[in-house]
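You will see two complexes here that share chain A, one where it goes with chain B and one where it goes with chain C.
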Partner chain A sequence: MTKVRVRRQDPDKRGGKPYLQTYEVDTPKGKTVLDVLREVRSSKDPTLGFRCSCNSAICGSCGMRINGQARLACSTQAQAMVDEFGELLIEPLGNMRPVKDLVVDMGPFWQSVMAVKPFLQHKGKEPAGLYPVNKAQMDFTKIARDCIFCGSCVSDCTSLEANPQYLGPAALAKAFKFAGDPRDDTTKERLLNYSKAHGIWDCDTCLYCNEVCPMGVKPMDAILHMREMAIEAGLVHTQGAKHALAFYDTVMEYGKVNEAFTAVNSLGVKMVSRNVARIFAGGAVTGKRPAVLKERLASMGQVDKLKRLVKESRRKHRG
Partner chain B sequence: MPKHDVVVIGGGLAGASAALEARARGADVAIVTKLHPARSHSVAAMGGVNAALEEGDSWEGHAFDTVKGSDYLADQDAVEITCRLGKETVLRMDHWGTPFSRDEQGRMAHRPFGGHGMPRAYFAGDRTGLALMQTSLEQLFKANATIYEEVMAIDLVVHDNRFQGVVAYDVKSGEVLEIPAKAGVMCTGPAGRMYAKTTNALTCTGDGLGMVWRAGGALKDMEFVQFHPTTLHGPNVLITEAARGDGGIMLNARGERFMTKYAPKLLDLAPRDITSRAIQTEVNEGRGHPGGYVDLDLTMMGEAKIRERLPEVWEFAEKFAGVNAAKEYVPIEPGQHYIMGGIATDTQGATTIKGLWAAGECACVSLHGANRLGGNALLECLVYGKITGGHAAEFSKKQPAPPPSPPALQAAQRKVDTLLKAKGGENVQRLKDEMGAAMVEGVGVFREEDGMLRALTAVRQVKKRAQALAVGDPGKRFNYALVEALEMENLISLAEVIAYSALLRKESRGAHSRTDFPQRDDAEWLKHTLAWKRGEEIAVTYEPVRVTIFPPKERTY
Partner chain C sequence: MSTKLICQELGLEIVELEEATCCGAGFVQDVDYDLATVLNARTFAMAEALGLDLMTVCSTCQYNLAKANFELKKDAERLAMVNRHLAEVGLKYSGNVKVKHILQVLTEDIGLETIARHVTVDLGELNIGSFYGCQLLRPSEILQWENADNPQSFERVITAIGAKPVYYKGRSKCCGFPITFVNEKASMTMNYRNMAEALDKGADALATSCPLCHINLDMYQRQAEKIGGKGKELNLPILHLPQIVGLAFGIDPEELGLKRHLVPTQNVVDLARKKGEAPQAAH
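Now for the complex of A and B:
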């Protein structure tokens, strides 16, 4: 028998306070976490709340936090979890409000999705036949298309944890589906919108979204693509774009990040001078002091090689 | 109280299509779904959507294959409507943004499917249903459509056989509410959960069919249940037909390519009923693996090709069976997949209840007759969703708003309260398991009189015992124990209708394969079964099949 701990809460019970409840269930090979939960509900505790539907990892209903990471209960083998973590701990998704046990409020999730205008916007007349799009163009958005809205990426997103207003990885992956679709005629408007506060520049590129997605969607890659597209489209005056360009310029010039000049370029002289004392004071404590002198790396040849490689890989990636 | 011109019950591909069309025609429309539209089972459809788009193909070709595939039980006028609209329907979805797979020249990629004379299944990877559902959902967002999420319709409000709205249970709050409407469209999808082995979602419980049944509407051809030949042995997760379209072959335990015996020409791409029977015969005659399965060999494709063309198959084999499909065989067995029968409708999707239409898998128009071809279900959802949404909208313009119906609301509240307070000893899941096993055994791939009688008896016993259910959760919010009890009522009624209709049809046709009546009998049985609720009894009538273009012939592949 495996001890399964489930984080529960019910606004109508115990004043809505969360608590852990333990159930004992057999977990032979082949039994999924969803099988475990269904067994609990049908034979031990009918009050246990969780969503599920397809049981085939395609409807996105059963996203939950299993041993600290967002996963689909229906495609997670229970015993494999016990083998790896020594227990089975099931909790609701993170960054969302639990409404009963493992059921979370998806309302804000859908609002974020709606905010990116998640539909094709074509101006002018539609073609008589198919849209003329070739394989490479069509495949560009492949990394964003298989989203099943399970909320796993949102649950484990560290940027959202810091800023609940951030649009989040699921909505931005959806945004890329259209920003990168050659059939859409509003690419620049989209990029401008997505570049505003709480958009593409808020991602701290921790990579968790890519890692936890059960469908192989890569929200972070989608976000990085859109940053690049935004800059290429000339949307260089947003805070995020300025910051990125400042990094880019200093690396191109000196072969490494020159923090002092990066800060001046991205935040402006005024902001930096106001905070200069703090920057140096902080440096004294951590032993990390911004280099003020314009030191160039001795071996710029290797940096040039690196630049070439970056350019080539970008070309390859964009078809 | 909310009020609408048109209420669409179910938010899948058919429901979304119906709602979008009704809205485009100016009706105030609302979708009522016990899930969120994004969770609908349409997302599980994998391989493709059919249309005659290629040079050398025609709607007539598509129609002929569909009629032949149906074993001539399909109504040919409905087939004609659907196949003629195939092209514009697929183009509409492309224009709305569905990322159909393309080739280097920008043409849409397509693949062959079982029973089709031409490759005409268009796809988006092996996640075509997901792609189409996403596009439909995007259009619903764009239209800012009204959606009652996680609100489960319990019963229709019908007076004098005239639709007036629905009563529903809000899963989020526990409230029972009435949603009056001038017209309704049933789009509640599959109903396969009365079978223990099924590819259907846990929520595919035939709620729409159950509601129409209780309201006195007719169910048509319920004996025709499709068993998908290739479901993963054990969890019955669907392995798409595209796996065979892309080169996969089936082998028995002796390593023989057994389809050479059953369909010498089409081999592994024979229609689903024939293929399922072939597998079941191999197993029954001792040439399957212990536990009752055969092998699907994809190894010749190599890892790269499997992962590119069949990413989901790759993943399912790995996650649900621990199999590396590039090196090992995938264990497969037939499982319930689709019900060709459903809410009886005319060629335009109108049910036998005035003001109520039905589309998609819950309906029987009948496009699929005795056996559905792969790729035709997604098309049906899109085509008939749109047609019925349009009719419902136009109808609603000429109707006054129906008055609310306090008795219907009270009855629904009583139903919920009774279940919540029930202190009986019967467990829903246990009853479902018993019924599921009886249906697989008696009304499965092969059927004969004694087996069907045993199944019918078992279902009736389950029905009796279900009078004393124990829900066990008195809670208001997200009470899924209650939801499952409500679903169970629908499943039991439908299981009984399936077994009874099957018992009466004394022939073999399409998916209805009787060992005691192995021949198709056009003289006696070229007709549709209509089942009606008469008190606690089932009354059956028959209506002729509409044969317009293709006279019935023997069906060989």
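Now for the complex of A and C:
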């Protein structure tokens, strides 16, 4: 028998405080975590709350934290988890308020998704027949198209954990699906909105979203695509874009990072003197300091040439 | 400098690619993804011409280089695009270079037994929390070495050098560095929470595999206390992975750069002592 610990929470019990309850269940090979939960509910404890539906990893209902990471209960083998972690620990998704046991409030999740306008915005006359789109154009957004809204990426997003106002990976992956769609006529408007505070530049690139998505969606890659698109569209006045450009400029000038120049170019002299300079000054005392001046690489001629070639080939490619 | 010293001790010869460009750190990628890939392929071509694999000492370099390499090895069309450009500067990349972080080299190539044989200092009193940094572990599809949701390599190295590993959830979370300039409050909140959790679990110090994590955890620790911890002090020494290994190897702490940190590392140095020496009074 395997000891299964479930983090439970019931507004009507124990003052709504979370607690761990242990159940003993057999976990032979082939039995999923969802099978375990169903067994507990049907034969041991009918009060255990969790969501599930399709049992085929397509409806997205049974997202939960299993041994510390968001997973779908229906596609996670129970014994494999026990083998790896020495136990089976089941908790509600993170970054969402538990309503009862493993059921979380998805309200804020849907609000974020709706905030990115997750629908095609076509201006002008609709085409009479089909709207032909070439394969390469659609392949571009493939990384965002298989989302089943299970909430796994949102659960484990470390930016969201520190900043609940952040739009989050699921909403931004959805945003990319439309920002990158050639049939949508509001790309720049979208990028402007997504560039605002708590949008694409607030992603800390921790990669949890890409890692935990059970469908192979890559929200972080989608966010990075939108950053590049925003800069290309001239949306360069956000702090995030300014920092990326300052970093890029330094690398293009020296081949390497020049932390002090990057900070000044990114934050502006005023901010640096107020904030970062104090930290750098502390470093000057102990000897830990950013490189202020670095010589250009001897081979910067190669870098300059490659930069020019990549730009030219992109221009040619786009006609 | 600590990397060079421990590699020397372990008999690992390092050839520095002095003309390699920055990996892009994700920021060059934000501006021009294709150019970042081409520049990283230029670095691979340099290593390949020397018949060498690449070793990184930074989680961010590891991810950005490994990702470029992964895409080039997987996508012949992309490799051809890159090589068309590289040919113009007399270079070629055939896709034969491996990119490994020093933690991977220590565990896979050097081996824990060899590491343990070089230990001359007793770190038995030290409780060290690992700080992996996000981009050394995720996405596992690209990095292809550790179990991203339950990594153990760092803890194995800490055990091999005679210290005690401290497990805490934040060890594989974000230090906050990438958004320090964008959302300082969120960045410092992450920073503080990870360190406070490690302290709570008994860590005397953290060791990190990423210099960018080091910047946030060490240089910004006072900010983290102020913004993330509402003034609560941490005073948690943050060491680079090669520094803690070097300390166990008996390398002079000053040569390892341990006096150049913003958060003093003296308590770590004090707890380390030559094997066989009597324990010192606690500081």
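In this text, the second predicted complex is superposed on the first by the 286 of 319 C-alpha atoms of A that agree within 3 Å, B and C clash if a C-alpha of one lies under 4 Å from a C-alpha of the other, contacts with A are read in each partner's own complex, and residues count from 1 in each chain.
FYI, contacts are C-beta pairs under 8 Å (C-beta built on N, C-alpha and C of every residue); 3 or more make two chains touch, one makes a residue touch a chain.
All of these numbers come straight from a predicted model, not from anything done at the bench.
S.K.: Which of the two partners, first being chain B and second being chain C, lies in contact with A:R97: first, second, both, or neither?
M.R.: A:R97 contacts neither chain B nor chain C.
S.K.: Counting only touches as set out at the top, which of chain B and chain C does A:E84 meet: first, second, both, neither?
M.R.: Once the two structures are laid over each other on A, A:E84 reaches chain C alone.
S.K.: Considering only the touch criterion stated at the top, classify A:R14 as touching first (chain B), second (chain C), both, or neither.
M.R.: Touch status of A:R14: no partner.
S.K.: After superposition on the shared chain, which partner residues are touched by A:K3: those of chain B (first), chain C (second), both, or neither?
M.R.: Neither partner.
S.K.: Quick check on the complex: what are the chain A residues that touch chain C?
M.R.: Per the touch definition, chain A meets chain C at residues 67-69, 84-85, 158-159, 161-163, 166, 197-198, 201-208, 210-211, 218, 224-225, 227-228, 231, 239-241, 243-245, 247-248, 251, 255-257, 263, 266-267, 279, 282-283, 286-288, 297-299, 302-303, 305-307, 309-311, 313-314.
S.K.: Touching chain A in the complex: which residues of chain B?
M.R.: Of all residues in chain B, those touching chain A are 35-36, 38-41, 43-44, 91, 94-97, 99-108, 124-125, 127, 130-131, 134, 138-139, 141-142, 172, 199, 201-203, 234-235, 237-238, 311-312, 315-316, 319-320, 427-430, 471-473, 475-481.
S.K.: Would you mind writing out the residues of chain A in touch with chain B in their complex?
M.R.: Interface residues on chain A, with respect to chain B: 10-12, 30, 38, 41-43, 46-47, 49-61, 75, 77, 99-101, 103, 106, 113-114, 118-120, 122, 126-127, 129-138, 141-142, 145-149, 177-178, 181, 183-184, 216.
S.K.: Give every residue of chain C touching chain A within the complex, in rising order.
M.R.: Per the touch definition, chain C meets chain A at residues 18-19, 21-22, 24-35, 38-39, 42, 63, 81, 84-86, 88-89, 91, 134-135, 137-140, 147-150, 169, 173-174, 176-179, 181-183, 185-187, 189-190, 193, 218-220, 222-223, 257, 259-262.
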